[in-house]
Amino acid sequence: MPASINIVDRSSLTQGLYKELVLDPKQTAIVTIDMHRGHLDMDVATMPAKPEDAKRVIVNARAALDFARAQGMAVIHVILVYRRIPGLGSEGMVSPFWKAMHAALGEEDRLTPGRKSTVSEHNIEGSPGTEIIPELYRPGDYVIDNKKRLDCFYGTDLRFLLDTLGVKNVVLMGINTNTCVLNTSFTAFNFDYRVVVLSDCVASMYGDDLHVLGLQNIARCLGWVISNEQFFEKIGADRQGRAILPTQAA
Amino acid sequence: MPASINIVDRSSLTQGLYKELVLDPKQTAIVTIDMHRGHLDMDVATMPAKPEDAKRVIVNARAALDFARAQGMAVIHVILVYRRIPGLGSEGMVSPFWKAMHAALGEEDRLTPGRKSTVSEHNIEGSPGTEIIPELYRPGDYVIDNKKRLDCFYGTDLRFLLDTLGVKNVVLMGINTNTCVLNTSFTAFNFDYRVVVLSDCVASMYGDDLHVLGLQNIARCLGWVISNEQFFEKIGADRQGRAILPTQAA
Amino acid sequence: MPASINIVDRSSLTQGLYKELVLDPKQTAIVTIDMHRGHLDMDVATMPAKPEDAKRVIVNARAALDFARAQGMAVIHVILVYRRIPGLGSEGMVSPFWKAMHAALGEEDRLTPGRKSTVSEHNIEGSPGTEIIPELYRPGDYVIDNKKRLDCFYGTDLRFLLDTLGVKNVVLMGINTNTCVLNTSFTAFNFDYRVVVLSDCVASMYGDDLHVLGLQNIARCLGWVISNEQFFEKIGADRQGRAILPTQAA
Amino acid sequence: MPASINIVDRSSLTQGLYKELVLDPKQTAIVTIDMHRGHLDMDVATMPAKPEDAKRVIVNARAALDFARAQGMAVIHVILVYRRIPGLGSEGMVSPFWKAMHAALGEEDRLTPGRKSTVSEHNIEGSPGTEIIPELYRPGDYVIDNKKRLDCFYGTDLRFLLDTLGVKNVVLMGINTNTCVLNTSFTAFNFDYRVVVLSDCVASMYGDDLHVLGLQNIARCLGWVISNEQFFEKIGADRQGRAILPTQAA
C-alpha cells in the first residue's frame, strides 16, 4: 500500500451538484448515527473516537440539530445496542470479521489505531455506552435503538419511519464517517433518498484517512457533503442559521 | 479538501487477520460485480473504467475465476441492467443524485474524471453494455442481471442464492472498488458472511484515490483484501494455483 | 378440523370500504402473479390449477389487462423460475416444508388435491412451464422472472419498479389466491400500497375453500377484493369498460 | 360470497408431513406474536380478541412457553407499538386500508365483528395495550417491540436474532391467526425456516372462520399446525411435557 495518496480534484463536479441541491424542511429529516457514549464519551467509550473529534462533533451536531428542530425538521437518532446471548456473548460476536479480529489482536491493535477498543463489550443492552449524548437529544426526537451492524436501515424501521414522515432528503451525521455513515448513505442512495452528510458533524475512529475517504466517496459518487453553514443556507433560514453559527467549533 | 492524504499503517491488524482467514471451497463463492462491457469494453462503455484498469482486471479475473471453478466454487455474475420506462427514460434517472448530476454537468465532468460517461444511456436492457465480458463467463456460472443501484443484494436474489448454495464466504471482484464492491461488501458483512475482496480484480472509474481508499476501508473495517496469489494459497490448492499464476498481470 | 365452516357476514364493512376506493390509473399497476404454463396450461403444468379455473382466469385476466393497458396502466408479470443447482436439484428443494412433503407423499397427494403435482420439477429455468400465458402478455409489459418463494416482493425488484413508476395502488391477479396472491397482498399492505385483488382473475390449486379464505382474508383485513366489472367502474372508464365486459366469463 | 364453505380433507397430507417433523430444541425458538394487553386484556384492549379466546390462548401459551424454556429453547416476544407523529397521529394511520376503514365505518363495524375496535388508538407508545401479558414473560426472554404492520419480520431484527441464535425452526403463537401469524408464517417459509404453529395458542379477532381457514392455509401450504401435546411429544421430552399437560385448557 502507498504511504500517501493524492486526492483527485473534483471541485467542478461538487460545485455543479451543490447548485442543484434544494432542501425543503418539510421533506427533510436529520438522522444521527451512533452518537452515543460508546463512541463519544471518553469515560465509558468501548470504541472511542479521537477525543478532539468527539468534542468537535458534539458541538457542531448540537448546533445543526437545534437549527433543524427550529425549522420543524424531524430528528431521528439511530443507536447500536447489543443483546448478550447466553453461551455466545454479545450479538456482535457472531460476525466472522469481528470474531477473527478478537482472536488475532489485542485491544490496542483493533479497529481504533492508537486507542484501546473492543467489540465484545461494546454497547451491551443497559450499559452506559448505549446512552445518546444528552445535549443532542430533545423530547420529540425519534429513537431507533436496535441497529446491529453498520447500516442504519438493516433490521430497523428507519425506512418505514422516513416514509411515514414523508421524508425525501436524509441528512446524516455521526460516527463513523467511513462505515456507518457511509453504509447508511449507500442504502439511502439505493432507496432513492437525497443523501446529505454534514461534514462538521462526522468523524472516524478508524483514522483520518478513512474519514476523508468517506466524505470524498459520498461527494463524488452518491450525495452531497456540506458544512453546517451550507446546510443553514440551503434550508433558506438565514436568521436562525446566523444565530446559531457562533456556537460552531472552528 | 486536502490535496493528498497519508494512509494510516495498519499492517499489524491486516496481518493478524490474514492468519485467521480460512476458506473452505465448498462454502465459498465468487461474486463478480458489473464485469460487463458497459464498464470494461472501451468500444461500447457508457461508464468506462480506465483502459489499463479494464485490461488488468479482465486478465486477473479470468485467472481467479478459472481457478475457482476448478476447485468447485460457485461463480455468480451480478450485472446492472436498466429498463427504459416510457415518459421517464432509464430506471437510473429516478435517482435524485444522478438526475442532479445530469442537470448540472456535461458528459466530460460526471462520475469518471477525464473520460465521458452517462447514467441515462448506461446498460439499457438489450444494449451491448449489458453483456458480461465473454472470457469471464462459463456455462454453469450463475447470472443475476437485475441489479439497479450500487448494492448487489438490493432488489436481487443474491442472498437467497448464496444461502441455497450453502455459502459462508463471499469473494468479490469487479467494478467499482469504492461503490458497488464496497457497498456489496458492507451488506455481505451486515449479513454475517465472511467478505473477501480480490485486489487484483477490482478497479474504480472514479479515480485511483477512491480505489485505494475503498480497499483500505474494507481491509481495516469489515473484511479481507487479498491478491490472487493469496487467494490461491488460502484455498490450499498449490498445484492448481501455481499453474494459473503465470497468466496473471504484473 | 370441522367439515364445514360458516363465513362471517362482513358485507357492511366491505361495502363501506368499497365507497372509499379511488383508483387513479396513473398511480395504478396490475401485477400478475405466476400466470405461467406451469399452473395454467394443462399440457405442461407441474402444479396445475383446476382446468376450469385456468380457463376462467385466463379469459377474465385478458379482459382486465387489455382494459388496463388501454387506460395507460403499467402491467407487471411476476413469474417463479428455479435454477437447477448441481448436487441439489431445484432451488425449490431447499425449503424444509417442500422437502418433507416430497419425502412423505406421492405426486397424487401433495399440494393439489385430486391432481398430480411436483415441486422438484416445477418451473425449472428453460422449461415450458416458465412461459407466461401468451394471450396475457403484450410488448411494453414488464416482466420479473426471479420469484423464488410465495411473495412477489421477496428477492425481486418489484418494490423498486413500483416506486420508479410512481405506483400507489397495486391490483393483483393470478395463482394461487391463498398463497402467492395473499402473501403478496400482505407485503404490499405492509409497504403501505393500496391493495386490490380481482376476484374474477384468481384461483387456487389448493382447494376452493382456501380460495374463498384468501379472498375473505384480504377483503376483511387488508385490501379490496373486487370483480372485473367493479374494477372497470372504479377506473371511471365506462365506455372502455363496457366494450370489454362481454368477453368476461360468466 | 357463500354462507358456508366445506373444508377439503387433506388429513393424508398433514399426517404424512407430521411424521417428517423433527424439532431439535437447540435449533428451535418460540416467537410469540402480539400477545399484549391491546389484544388480550379486555380492560384495555383496543383490538380485542374474543374474551374466551383470550383466556384459552393465555393458559395454553403459558404452558407451551414454560415447557420451551425448560427445554432451553429461546423465547422471542414480538409486539406492535406505534409512535404518535405530530400532525398525523398514530403510525398506523398512514395505511391506506386502515385510513379508509376509519373514514367509512364506526368503531362497532371495523376489524372485529361484534366488538368495538380502533386502529388509531391501538398500542400507542407508552399505553397499557403495549404490555406483554405478564404470565407469558420471564426474564431471559427476548423482546422485539417495533413491529409496525402484520409481518413480525418487517422493519425488525427478528431474522437477525433467529440467525444469531442458530434457529432453524420457528414455532409461532399469538394473535391473529389469519393476519400476523399467517403473514409471519409466510415470511418464515420464504426464508426457509421450518414453520410450526401451535393451534392451542392462536386466535383471531376477525372471526372464527378466518381462524380455521388460517390454520388450514398453513397446514396445507407451508408449515406444521400442531397442538401443545404434539409439540411436547415432538420435542421428545415426555416427562416434562406430561407434567405440564394438566394445566392446558380443554
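Chains here go by letter, A, B, C and D, matching the order in which they are written, and residues are numbered from 1 within each.
One rule holds for everything that comes next: contacts are C-beta pairs under 8 Å (C-beta built on N, C-alpha and C of every residue); 3 or more make two chains touch, one makes a residue touch a chain.
Quantities reported herein were computed from a predicted structural model and do not represent experimental measurements.
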Walk from chain A over to chain D along touching chains and report the minimum step count.
1
Note: among A-B, C-D or B-C, over half of the A-D contact pairs reappear in B-C
Please state the rotation angle, between 0 and 180 degrees and to the nearest 5, that superposes the Cα atoms of chain A on chain B.
180
Which chain's C-alpha centroid is most distant from that of chain C?
A
Could you check if the interface between copies chain B and chain C is built from the same residues on both sides, meaning over half shared, or from different ones?
same
Intercentroid distance (Cα basis), chain D paired with chain C, Å
26
Once you find the CA centre of chain B and the CA centre of chain C, what distance in Å lies between them?
36
Between chain B and chain D, what's the gap in Å when you average each chain's C-alpha atoms?
42
Counting only residues that touch at least 2 other chains, which ones in chain D make the list?
94, 148, 154, 163, 192
Which part of chain D faces chain A closely enough to touch in the complex?
83, 85-86, 88, 91, 94, 140, 142, 144, 146, 148, 154-157, 159-161, 163-165
For chain B, which residues are in contact with chain A within the complex?
1-10, 12-13, 16-17, 19-21, 94-97, 100-101, 103-105, 109-111, 113, 148-151, 154, 168, 178-179, 182-183, 186-187, 189-190, 192-195, 206-210, 212-217, 220-223
